[in-house]
Amino acid sequence: MKKFINAPEAVLAEALSGIAAAHPELKVDAENKVISRGDAGRRGKVALVSGGGSGHEPLHGGFVGLGMLDAACPGEVFTSPVPGQMLAAAQAVDGGAGVLFIVKNYTGDVLNFQMAAELAAEEGITVETVLVDDDVAVKDSTWTAGRRGTGATVFVEKIAGALAEQGAGLAAVAEMAKRVNAASRSFAVALTACTTPASGKPGFDLPEDEMEVGVGIHGEPGRRREKLRPAKEIVATALDAILTDQPLDTGDETIVMVNGLGGTPLIELYVVFNEVAAALADKGVVVARNLVGNYVTSLDMAGASLTVCRADADMLSLWDAPVNTPALRWGS
Amino acid sequence: MKKFINAPEAVLAEALSGIAAAHPELKVDAENKVISRGDAGRRGKVALVSGGGSGHEPLHGGFVGLGMLDAACPGEVFTSPVPGQMLAAAQAVDGGAGVLFIVKNYTGDVLNFQMAAELAAEEGITVETVLVDDDVAVKDSTWTAGRRGTGATVFVEKIAGALAEQGAGLAAVAEMAKRVNAASRSFAVALTACTTPASGKPGFDLPEDEMEVGVGIHGEPGRRREKLRPAKEIVATALDAILTDQPLDTGDETIVMVNGLGGTPLIELYVVFNEVAAALADKGVVVARNLVGNYVTSLDMAGASLTVCRADADMLSLWDAPVNTPALRWGS
Amino acid sequence: MTTSPVPTMNGDSVDTDRARTWVQAIAAAVDQHKDHLTQLDSAIGDADHGTNMHRGFSAATTAVAAMEPDTVGAALITAGTTLISTVGGASGPLYGGAFRAIGKALDTPTAGTQQLAAALAAGLASIQKLGAAAPGDKTMIDAYAPALAAFQQQAGAGADLAAAATAAADAAEVGMRSTTPMQARKGRASYLGARSIGHQDPGATSTALVFRALAETLGAR
Amino acid sequence: MTTSPVPTMNGDSVDTDRARTWVQAIAAAVDQHKDHLTQLDSAIGDADHGTNMHRGFSAATTAVAAMEPDTVGAALITAGTTLISTVGGASGPLYGGAFRAIGKALDTPTAGTQQLAAALAAGLASIQKLGAAAPGDKTMIDAYAPALAAFQQQAGAGADLAAAATAAADAAEVGMRSTTPMQARKGRASYLGARSIGHQDPGATSTALVFRALAETLGAR
């Protein structure tokens, strides 16, 4: 294993310390492992808390700041944080208007956040939870763990965060977060496996001419293995999966993210976005806003995910609202 | 070779088309391969033009916009652009106040920009050139090609760009660019080689327990190969090389960049920054500003570079000035 | 999973010391099998189950070592709470909740076979309540449910603790192996669909360690 | 680099057609050795020399094919300009400038051995002026300089074009091989310091192709 680390067990604590040093505008609680806004706990503002395993940076810590999250709880690499962390985060940021937990739909995240919500309620904090489950590679069913939460998390955090910043109440913010999730679909493809610091080996071996189709963001193999194909065809596969699940009409406006999983050069992400833009234009679908870059990564995995959100006018205007976080920043 | 591309020859054109689709605020001249600001050519404003081989994204195209570059000319992957491109860029952005070419010190870049400067002069455009040569892994000497330009390019483009935005003249902007370069030093380490689309193979083979020390950003091997060491020791090596070349005193203020070469997870870059911040704090050196992320990449290389700029008050205030580009954005 | 001879001084009741010993025995087993658990999780999950269990049971061992428990359950409740607050992931709340449930059902200074059977049943109920998985879903339940059934059957037949726990450990290992041909319907492995078939479930494997540790603690040979 | 028999109809002068043929012959050689050039550049550079040369000489071939040149040099000037505007990198301006210089020195409908020798010398001067490299720096100059010397020596001794060009091509290949033990002091390979030793310089290798193509064009057997 080749990594810029000192010891696998120390990665999270040291990275948090690095985040604290790099972003003095954030508060980093090293003991509870909570990253929060410098001005967190503002009276009357609904607070957004998210979290999940580490290894997906900039998610979630990179999205803490004005117009987005109030706090993030990073767990160990690919391991959900624990309820105590989430409770500490909720306590740090609650301004009396309640806390929204934004939870990616994985058994571990769901169970831990559920316990945290119970603990928070015992402390008198009103908590609402929204589950993000946008990955169409996984079939949705009441008999399974359901869809994974991936790229749409960024959209949910940005748009709900903007609404909270404008002073909306907890129910309205939670409702908007759910709307964004319901309007979003993702699909990912990987060319290589990633290596966690603790395991020290790539999660799977992939021949030089093959790719994993329908992967998640935790290094697990995908739904199927296929021969590597040109970017155009890979995009067609991903878009097809997305649009089969949620058809789009001519004139529909979308927010589109082409996201790198950590080991993919940006120049390739632009090649992918070029194909996505062309394919959607062909269908008359409008790409009103976009993100191209590394936003929800899977350590060093060479891979890319596509997220498409059918955005209404409210969502677009909230998207455009100011945001000031380490990884997403615009407006004033 | 595993890449999200359609064909090696098409990468640059398609990525440019993707950049155009993703960033409608920029102008992309597909024929001349020039990315410029939507408002480029503003009368009286000194225009900044940079460029170099592709594969280093977001450098340079991602730094085009308010407060930074007026235009970027991307060459083929790891290949300097040609003089015609640079001339087209200069023509597109000259507002009568002259053009500053920001050139990383590589034989190809230097020669092509030199020819472009001659062509531009023939067209009546005043051109100044600043060479960036910050990489202390390469020994400087009049008998060699001299030091490479790497991470300091971002500092030069940001700070000189801010000064130009404020209306300074060409000589002053060029002078500031040179000052920033003179105050900056970089050093990089790689854990893996990168693969160019055209060659299809990693540039070198590196055993599982070794690293290349003193690498550039073009996939070439470094000055020496060593056993992989903990992040703390790697940082000590890099800082030592930098500070030997340019000693810093207690109380000196710096801008520090921990830059990923493309395949390094962000969480590791924060671990590295944590070590850098601690080591500089030990010496009483102030990290006044910082960047942690992928800014000057080498395709999919797993590696990291450290750049330290001893910044005076002018540089810090220009650093803080508004910037609005795809890859760097702050202020209003 | 070899069995070392442990003196059977207290064959038909669990006391507070043994509860603590059980936690320590699990920690030792997890320590020994950490890489194996992570490797199993790497094939159909996210390669952290060994690290998760190790982090949790190391912390639990430390926590129970510092106690002077009055009841059999006290140490197990503490262990469960510690798992919840240190593990994360799916296994943290599931095992944490289970140990807390088992502990709550053992609020006496000693406990016999029948009481332990009921406590173990409460543990399974907690896992099922939280995780909503059924037997055959390729989870820890596929080791836990047969282990519990074997324990209950032995208890019903009047067996002593050691015999019941040994039967449970054997059944857990059979259950663990039975997960290999299953297609996962819960947890992370479910994302693989049919590709989850052919791999042994990491959680079922750690559950087998938990029951083997119980058998060892209760004096099986 | 094998030599195919070419009719020697015009043994002692270069005409406009042959100038064009030379460019085409270089393009063909580069096409054939593209991967080899890139491989050499991968070891001590940035793995683009084959692609660079290929892009440039393909474009140059197209450009000169469309011309009706009046002078020997016209096609070479066009080739040089095309290289400058399509190659990029270090080799673009260096080769581009050299071909432009060679072309400018051949502003006549035909040219003999002495005139070609002078033109080739102008090409080397352009490379040295731009790149400031000296023999022994492990660059294209280490193939070009000995090739030029051999050509000049043959020309001085009254040899015909074919013989002079063949001697130049042979000397270029010797020079090319002589770069292997050198430590690079110019270009990208210089960044490797002592580690550049033991690898053949890509630019010297392409220069050997350029001179071999000249010999073939001028009728060497």
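Per-chain residue numbering starts at 1, and chain names A, B, C and D are given in the order in which the chains are listed.
In the analysis below, contacts are C-beta pairs under 8 Å (C-beta built on N, C-alpha and C of every residue); 3 or more make two chains touch, one makes a residue touch a chain.
A quick map from chain label to UniProt name: A, B = phosphoenolpyruvate--glycerone phosphotransferase.
Just so you know, these numbers come straight off a predicted model, no measurement behind them.
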item	value
Intersection of contact partners for subunit A and subunit B	none
Centre-of-Cα separation between subunit D and subunit A, whole angstrom	55
Whole-Å gap between the CA centroids of subunit B and subunit D	33
Inter-chain centre distance, subunit C versus subunit D - centres from mean C-alpha coordinates, in Å	75
Interface hub residues of subunit A, defined as touching at least two other chains	77
Shared-contact residues (touching 2 or more other chains) in subunit C	none
Chain-level touch network, classified as line, ring, star, complete or other	line
Chain-to-chain touches, reported pairwise for every pair that qualifies	A-B, A-C, B-D
Sites on subunit A touched by subunit B in the complex	1-7, 11, 14-19, 21-22, 54-55, 57-58, 62, 77, 191-192, 208, 211, 228, 230-232, 234, 262-275, 277, 287, 290, 292, 294, 297, 299-300, 302, 304, 329-332
Footprint of subunit D on subunit B - complex, ascending	53, 75-84, 106-108, 111-112, 114-115, 137-139, 143-145, 148, 196, 198-199, 201, 203-204, 216, 218-221, 223-224
Subunit D residues touching subunit B - in the complex, by the definition given at the top	38-39, 42-48, 50-52, 55, 84-94, 130-131, 185-188, 190-193, 195
